[in-house]
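For reference, chains read A, B, C and D in written order, and residue numbers begin at 1 within each chain.
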Amino acid sequence: MINVGIVGGTGYTGGELARLICSHPGMELKAMTSRGNAGKPVDSVHGYLKGYVEMDFQASIENGEGLDLIFLATPHGVSMEHVPGLLDMGLKIVDLSGDYRLDDEKVYSQWYGKGHDDKDNLTKAVYGLPELFRESIADAQLVANPGCYPTASILALAPLFAAGVVKGDVVIDAKSGTSGAGVNPSIRTHHPVCGESVIAYNSGKHRHQPEIDLILHKLGEGGEVYFSPHLVPIVRGILASCYLDVNEVMTSTELQSLYAEFYSGERFVHVTGDGSIRAVVGSNHCQVAPVSLGGSKVAVFSSIDNLVKGASGQAVQCANIMCGMPEEMGIDFPGLGV
Amino acid sequence: MINVGIVGGTGYTGGELARLICSHPGMELKAMTSRGNAGKPVDSVHGYLKGYVEMDFQASIENGEGLDLIFLATPHGVSMEHVPGLLDMGLKIVDLSGDYRLDDEKVYSQWYGKGHDDKDNLTKAVYGLPELFRESIADAQLVANPGCYPTASILALAPLFAAGVVKGDVVIDAKSGTSGAGVNPSIRTHHPVCGESVIAYNSGKHRHQPEIDLILHKLGEGGEVYFSPHLVPIVRGILASCYLDVNEVMTSTELQSLYAEFYSGERFVHVTGDGSIRAVVGSNHCQVAPVSLGGSKVAVFSSIDNLVKGASGQAVQCANIMCGMPEEMGIDFPGLGV
Amino acid sequence: MINVGIVGGTGYTGGELARLICSHPGMELKAMTSRGNAGKPVDSVHGYLKGYVEMDFQASIENGEGLDLIFLATPHGVSMEHVPGLLDMGLKIVDLSGDYRLDDEKVYSQWYGKGHDDKDNLTKAVYGLPELFRESIADAQLVANPGCYPTASILALAPLFAAGVVKGDVVIDAKSGTSGAGVNPSIRTHHPVCGESVIAYNSGKHRHQPEIDLILHKLGEGGEVYFSPHLVPIVRGILASCYLDVNEVMTSTELQSLYAEFYSGERFVHVTGDGSIRAVVGSNHCQVAPVSLGGSKVAVFSSIDNLVKGASGQAVQCANIMCGMPEEMGIDFPGLGV
Amino acid sequence: MINVGIVGGTGYTGGELARLICSHPGMELKAMTSRGNAGKPVDSVHGYLKGYVEMDFQASIENGEGLDLIFLATPHGVSMEHVPGLLDMGLKIVDLSGDYRLDDEKVYSQWYGKGHDDKDNLTKAVYGLPELFRESIADAQLVANPGCYPTASILALAPLFAAGVVKGDVVIDAKSGTSGAGVNPSIRTHHPVCGESVIAYNSGKHRHQPEIDLILHKLGEGGEVYFSPHLVPIVRGILASCYLDVNEVMTSTELQSLYAEFYSGERFVHVTGDGSIRAVVGSNHCQVAPVSLGGSKVAVFSSIDNLVKGASGQAVQCANIMCGMPEEMGIDFPGLGV
């Protein structure tokens, strides 16, 4: 039994971690922290956890006694305040923020608008996408859990980059549900604004663009990655539609074979014939649908639940690996389907 | 041609007024005020008005020169600061806030949580529901535009109260789109919170309850009104489902006849067989569907667009009447339908 | 380990049963039948079950060998064709249709528009609402799983009927997500029709009305039940808003105490302060919020996931009880929350 | 006053035409036909037209006496049955189907899966996008009204094709509301299926791809057009996100200037800073937002209401031009905004 804590437990990914961990047969939730809600019962903030998480938020983790692993569900810039101390306590860490995903402090500064305060650990952190970096995750003390968009996008494109067939640039047009924007109300997520609309935002300027670019180019060659996110009026789910050219013409069937082989044996990645979010909502699964558009042009549609495979579910998956437990433990259930 | 101004133009009802007035053949929009956006182009706040409303927000109305009528789209408690001065300028006023809807300052204080600063005008204001108070509106200098829920609810129940057949209490279960909550983001209208939910709120405690109660009892006898609002994940529209007993058993057909007669000749109220919001969205129309549930129990379903017939469209309808223009001018078009 | 089969596996409740059973530690899914899809892989119809349910639909259950219990996810009128034969095979049955919920064949005929072909078993069936009829369910061979609306409504009102405080009629205004309409497309569930609307339908004429009425009056005295369902544009979830008078005035706090005591020890029913669907989606939980509206008028808001506590989750709960397993086994997890 | 008829009046575009025409000061609706609903009142099918369109559907147009122009709101393949006869009657025609949009019968056959029965008129028809082909439309007797996706896509890309700066292929990732799928229920538009999902469909295989390709290449050189449509859970609206390279690097500001100049004087096309559907819903307006993604990569976001500028509003715009009326007559109002 692994004893875990969640730092930053009032947001959606913090609540989702607690939701998953409370049913996890190998993990026990020992502590949840919250600066703003310290002293309050967790289920007074996350009503759906009533009967499942019976503890109060505490102000901090203190000395880490009795804990094996910490999930950092803290905002960008806050995680790096916590990491060095927690590592010193000998704890394993899965950080759900963007603080340790980019391995170059200059790139970090450029996209996150602030300097990095923990450069040593920046380069030691392992990128927590198990389907690509399972072995490194197993040995890591600090895992940078991927962003929601990068998870969908990288799983969509990894087989082509790894096969060395990418020709030129890649355009990713991603559609996300509103839970990706987090727990704090804003103009963009105000229902009258987003409820019957599709909103393009931060095209070419989203922090997930360099993250996707970095990881894909570790796998193989290819042009630039252009990332264009959109908000759609659903609560959970991302569909990333990726467009690119390949340097050897392949039919949809050939593409599907290549993908099926690449993801052979993976519990959470499925190759399907078409792109849709519905089937994966509520689950840690990802569906990837590569399609030939004619000639050398290829589209790949990739769908995940942004809060599960795109955040807390993947964090549990990483934690399982880091702690030597079966990778799928506690997250091995199908999506809602409808 | 009537020259009008809008005080408090940054909210949804202010923008909606401008949207309607810019196509109104007998009304010209001369000024829009905003405390927070004074000096900014109106279409920088309401992008959809680009090409239709080409003016800047001004800080205030000043002396009212060149104006005939003011729409107050200000919050509760703010309208009463403006009314005395504007009346002194000789302007007609349609107030979209709740400040002048209740005729008793004590009831106002009880439900709005503050004293009333303009008691004189409180009792002079005419309730702006044209289907019931057309003649008084024509003579009024100050009209209190009804709330969105009261518009739907009163139109649903007026024929039965007026017929004197109401037996006992009335329960109104109303479902509103999120635009009714206004332009400012909040937890309840945060899409991840309301997007896949129905939320009951303020049951028996909503300010619209005494408003509905007051007006219905002006029409005839009946028991108490209990009002229970709900938020549903649509942007525009209200469906008020009203339940009551009548003291003489009527079939659905008989009820429909009574309603058809009561609303005979009305341009904006239609008696239909079942309740649904879709047909009235984008329009000033109201659909009312009375149904016998068996025995003496009756349900009446009433649907409107909360921003049109429930707010700005009705305000234009009142202004038309106050200014001697055809009542339907500028608002005589069908709903979107789909 | 209990071996189960699902008859009628292509609809939403059939798929949902499979989704729950595949993670159930004490239940094994041995067979799913489908008239239309016999011979096809289950996951070709329910894509989200890929990797979890690896079998083909079969045409029928045949002799029942190797099976302990059958879930009938068949339409009204079809279940009664299957029941006698399956009972003869010695199988336990949980029937999710309406065929055995009413104990009087005349009432059945009146509301379902056809005669009942299995009158003997009609009166032997036990109504499968564990919170009220746990002991009878434990001894039953045939359980009639409650309808979705009745589950929400009866749990909302049972404490008041059982306390004998109901005065006069009860009005239930229920709002349901579209999955309640089943897997077959129709005008009412066509997205352009229902997507930005609320639709009242079958007021006073819905088959769930006599079901609610029957069960509540088994618990205690009270007037007529009037049931008025509405379709809202969400996929999962029901909020039943119930209105009634009580014969002794109670504050909201007193009501909550009465409810808390009534449901004391229940794993799946929670007394809360306000009504909302969000917290229970994806779970077998029900939230019940009784509120005093002033005087003797009371509102009770009750929310469930219509496919889980309102159908398949409750069916599993009943099956657990019938088979002597812990009642919460396989369905003891929180809702998605967001 | 122009007298018009609508052939095929039961669908969404037929109803929308009637909605617009009933408020059009220069157009009078004389007849609506429907094969299935002949003899029924129009407002029994389109309830929102009650009080505005008071006629019965007729079975056919007969001899065209008293009519000046016909809108064909008939399905693909059906319009070509009507066109020759109607032209012979001397009527002007705006065809909202795809039958006359492609000028090559072989391309038509390839994409529409059937031969073309009216080849003579196929090459005579004028493509009804006023912003590009205003003069030809003025002289045309037969106008092929553009598809919804092509309207958004072509308006997004025309300035760049016309400027001769397009380098290589163009990818269009379009998101459409469900009303684009028409009035008939289907699996894909069943609310439980599409309500909380995004669905990619017909990527590279949609009939609108050759239409977009054809028109853009009439304007200038450029690579292939790849079109990838998606269904999103909104009722009205399309956002087309277009991605391409330009052969001279331009900043977002430079792109906006180029677009502003190209669309200078256009009543219905607006250059904005970012892509969103909300502002144009309910109107004939199109918003186009060109953005530099860095280097030579450009994104252009284009939004319309699919039933107005993407269908019936544009058809009215064309009819106005064909009949020598002001182009914006009857469709010159802002979007709902919220």
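Couple of notes before you dig in:
We adopt the following convention: a residue touches a chain if its C-beta (ideal position, glycine included) is under 8 Å from a C-beta of that chain, and two chains touch if they have at least 3 such contacts.
These numbers were taken from a predicted model, which means no experiment stands behind them.
Chains that touch both chain A and chain D are the following: B, C. A centroid comparison over C-alpha atoms places B as the chain most distant from chain A.
A rotation of 180° superposes the C-alpha trace of chain C on that of chain D, rounded to the nearest 5. Simply put, of A-B and B-C, more C-beta pairs touch at B-C. Computed centre separation for the pair chain A/chain B is 46 angstrom, with centres defined by C-alpha atoms.
If you average the CA atoms of chain A and of chain C, the two centres end up 35 Å from each other. Inter-chain spacing, taken between the CA centroids of chain B and chain C, is 39 Å. Touching of two or more other chains is recorded for residues 12, 177, 179, 192, 196, 233-236, 278, 338 of chain A. Across the complex, chain C meets chain B through its residues 169, 171, 173, 175, 177, 192-193, 196-201, 203-204, 224, 226, 228, 230, 232-237, 239, 241, 243, 245, 274-278, 281, 289, 291-295, 297, 299, 301, 338.
For chain D in complex with chain C, the touching residues are 12, 177-179, 181, 183-187, 189-192, 194-196, 233-235.
Residue ranges of chain B in contact with chain D, taken from their complex: 12, 15-16, 19, 22-23, 46-52, 179, 196, 235-236, 267, 270, 272, 278-280, 282-283, 285, 307, 332-338.
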